[in-house]
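One structure below.
Chain lettering (A, B and C) follows the sequence in which the chains are written, and residue indices restart at 1 in each chain.
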Amino acid sequence: MPEILQTIGLTKSFPGVLANDHIDLEIEEGEIHGLLGENGAGKSVLMSTIYGLYRPDEGKILIRGKEVVIDSPHTAIKYGIGMVHQNLTLVSSFRVWENIVLGKEIKKTLSLDERETLRKLEKLLTVANLEIDLRAKTGELSLGSQQRIEILKILYRGAEILIFDEPTTILTPQEVDQLINTFRSLKKEGKTIIFISHKLREIFAVCDRVTVLRKGRKVGTLPIEEATPEKLAEMMVGRKVLFSLPRGREPGEEIILKLEDIATSGEKKKVALQDINFTLHTGEILGIAGVEGNGQKELAELMVGLIKPQKGRIFFQGEDITFFSPKERIKRGIAHIPEDRLRRGVIGDFTVWENLIIGFEDQPPFVKGRFTFNHSFLKQFSSQKIEEFEIDAPGEDALVKNLSGGNQQKVVLARELSGNVVLLVASQPTRGLDIAATEYLRNKLLEIKNQGKGVILISADLDEIRSLSDRVLVLYEGKIMGELSPESDEYQFGLLMGGKSIDEVLA
Amino acid sequence: MKFSLKKSPSRFSILPEIIAILLAFFIGALLLLFSGYSPLVAFSALFRGAFGSRNAWGQTLTQATPILFTALAFLLTFRAGIFNIGVEGQFLMGAMASALAGVYFSGLPAPLHITLSLLLGGAMGALWGLIPALLKVYLGAHEVITTMMMSYIASYLTSYLVNYPFKAPGWVAQTEPVAQTALLPKILPPTQLSLSFIISLFLALLVSFFLFHTYLGFQIRAVGLNPEVAENRGIAIKNRQILAFLLSGLIAGIGGGGEILGVHGRFVDGFSPGYGWDGIAVSLVGKLHPGGCVLASILFGMLRAGGMTMTRVTKVPLDLSLIIQALVIILVSAPYFIKAVILRKRDF
Amino acid sequence: MEIGALFNLSILQATIRMATPLTFAALGGMFCERVGVINIGLEGIMLNSAFWAVVAAYFSGSSGIGFLVGVLSGMALGAILALFTVKYYADQIVIGTGINIFGLGCSAFMCQKIWGSRGASEAVAGLPSLSISFLDRIPYLGPLLNNHSILVYLSFLAFIFAHYFLFYTPWGLRLRAVGENPQSADTAGINVHRYKMIFVILGSTLAGLGGVFLSLAHLNFFAWGMTNGRGFIALAAMIFGKWTPIGCFLASLLFGFADALQMRIQTLGILPPQIILLLPYLITILVLAGLVGKATPPSDYKPYIKK
């Protein structure tokens, strides 16, 4: 079978980083081709270049043997290439059909022809074996359904090659199964699928062949029959990977944090939490698992004091802190690594030292007297933190937005861990970080736990939760579906994350 | 993307600002040519009127003073992420309050009378800023519109007060003169330059110290740059926003008072040719830093002072200053435009 | 003094008249915001168009030419706003403020130059009114809606067409996407920058029509600062109208009523003029204060930067 898509020597670099280094890729028509690699391996950049979002520095792209120049997504679509991104690009106020046909609308004289559009789209739904309510308002649908809109968008434009960039990050395990079925249906229709993922089990579930990238280079391509998880993992990372970290000591008896019958209201686009009950002990990492969007953010905000519950109580070291402000909780030793560091963790336009003191700036010894800064202390404080946390920055006056993601996260960590921290709430702490930073952070969390403090780890990365936590709770639609031990079967996690209650799972 | 505020003086680049100012003058010159005036004659009259003599300097700095006050006021709120374009209104209300305190309080020694009048002016300005502050913070009303409305209301309200209840006998719409004890001493006779100028410089220092050396200023800047992070770390956002608004109104109000007590000696209807607007421009040109505001306010003071001479000598309308000011605002805030079109830099 | 002196047919007619510049400006602001650009410069654009329309009418003797020039002025300032905010990523509020100051300064400068007076121009030919005969037969509504300037009727057409355009045509769909999620429009092959530029210019042109109304229909000369904050009141109307064309029109009627009321009270002489003049601004603030948390703008006003 001729190659439907091929790249020869494709190279793309950005200031300071060579994202794709002379990559030769061959995709056969009608196959499901997996693209495996870690954060920063270059998978997204490669596909974005093929999709016309970037212009390559060197190299060629060929479609069915003919060299083509793809200078925009528009052109890529003309060549039959469609891409479903991680971040859904949909207009929430539009109806589903409006989002699908945007840019290629079906008109009747000057107006939008809704009837004809719906007719055509219904046909497309049957062909692609997908289900969705075309008249529904996009913003009200689940992420899985919204993703289906993205698939329909590119099918509507006649995509023959469909690229999926980490599509399962936002899906429950059940929705992942549905997506895999969709892949199979599309393959039956003769479509070619490129499936970017870093999750081995998904690659094995559906791919015909898999290509591994590492640090911008192609390591190799294997038919799936010849691949094993260990082999692929080694190709991804370049060394033997430890699938589990040393666990450390057992949690203590003393209870640091207790949430009792907590319920919050679900206004302003927030998920309503209900019947939240759990405890956290000293020296314990409590993992909160679940697909994003099921209340994790709200739970973190609740514990930190940004939202107050409508019902229930929060006890911290025996004290009722239910209605305490963030400032009062910080004073008592509650620290927080927020999930979107650039938006909620650091102030990009502030310097490193300024970021290190946010929340402490009004107390001595940071101020002398009642208002004025004690600059010599501030200088000393920030140099100390930079060294202690190995923050790689040109100096304490460097603007934090110019640091790498890992170093920004270290700034957050350094700040949060200053003072007498008793409890750390970490939301998606390793998201977007490279291998070295991720390892550093995970080791730090274990270190904190081993010092007898408590950690609540909220993560969408199930492997991370299972390798770090002492106990795991699963959150679904604002409720705790059940508690599992990290050694529990992954399938059980999946069920809880998908909405089954613990009794059903253990039955 | 480098359109942030550069905090470290070591990375201070004012080339785009200088080019913007020069370009604004250039376009102004073109406008003059097109309207049948000679740019050479007009601008030389302008510069003579601004810097040509000791008296000219006095006039320039006198005009610069209220502009510096309003610039500092605008800067404070902008640093908190708030666009307080109603500084003119706060300035006017402060002027009125100071004027009335100057007229109707008696029997006080000069330093006390002056201080009291200025503080009352500041308080009135702060009050005028409090209303849009509360509307924004508790009701989410956009401050651009509310402060603008308050500015119009201030304009008409002070006009009413000076035309009716507090009008002095005679044709001119003005109050009685303030008591001798309320007048700010002149520091460069025979020009109008008064102690108000020194006060404005002092406030510039104070604002600089406040923003960069106190924790309140730090918190205000944090709120302006990233309110979510500020909230996460326990900074009382609403409080700081209101504080910024109050301080802003306070400064603008004192500026208004200074103008009355230092230059006019009474509240005259329409005495402000739009110092509030100048202040906004100056703040932006001055890169939202108090030091820059001082320099830029002298520039704009020059435009006003020199402009008056220019109008007298060449009959070019005073509004040319406004036009150049508008051009400066537009060009200063489009650094990419300057860099791309004028400096022809590729990567910015 | 009976209440009838305040509320009668003539004040309702005045309401419709005074709503017109607000409708145009609010629609203009709406189009700009719908593609992601907040247009603070409506005031300056209106004033500028009002002025140049009079200049053109003065020298050509024709109000039609005045109208055209007013339209072109709106386009010109809109082009400047669009260029600087869309292409060169300048701060939208700052540029808008600059445009306001420019409008004030330029109109005063040129007024002085042409007529020797900063305060007002000479009188020019005004735009005609339209008399629709069948309206006379409808009781109450007929006389209310009849015999207004053609610009009044144009404003009606404008908001109706804007409603159709925005919600029933592909281009309306696209422009809404550009504002609400520019990324989605970009990946759909829509030229985001082009849409932003076009509709910022269009919006500014509409606002300019509001200015033309003031100087060629409501009055027939130019007076210094004659817009008097209407550009800002129009922004309030736009927010109050939830960024929809029909909403803009209805809100403009409300504010137009405040304006008409102010003028009526002034002629009755029961309050000093300054107090009356500040009423519309006070009402605007009260209206904005009443919109607690209900106003969600159609975009986040950030420049769209292609990666």
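Everything that follows uses one rule, which is that a residue touches a chain if its C-beta (ideal position, glycine included) is under 8 Å from a C-beta of that chain, and two chains touch if they have at least 3 such contacts.
Quick caveat, the model's predicted, so the values are computed rather than measured.
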item	value
Most distant chain from chain B, judged by the mean position of its C-alpha atoms	A
Leader among chain pairs (count of C-beta contacts)	B-C
Chain A and chain C, separation of their C-alpha mean positions in angstrom	45
Length of the line joining the C-alpha centres of chain B and chain C, rounded to whole Å	28
Computed distance of Cα centres, chain B from chain A, in Å	47
Interface residues, chain A side, partner chain C - complex	53, 72-74, 77, 85, 87, 89-94, 98-99, 102-105, 107, 110-112, 153
Chain A contact footprint on chain C (complex, rising order)	164, 168-170, 173-174, 176-177, 180-181, 183-190, 307
Contacting residues of chain A [partner chain B, same complex]	304, 306, 325-330, 336, 338, 343-351, 354, 357-359, 361-362, 366-367, 371-373, 375, 397, 399, 401
Footprint of chain B on chain C - complex, ascending	40, 80, 83-84, 87-91, 93-95, 97-102, 104-106, 108-110, 112-113, 118, 228-229, 232, 235-236, 239, 272, 274-275, 277-278, 281-282, 284-285, 288-289, 291-293, 295, 305
Chain C-facing residues of chain B, complex	1, 3, 31, 35-36, 83, 85, 131, 135, 139-142, 144-146, 148-150, 152-153, 156-157, 159-160, 163-164, 277, 280-281, 284, 317, 319-323, 325-327, 329-330, 333-337, 340
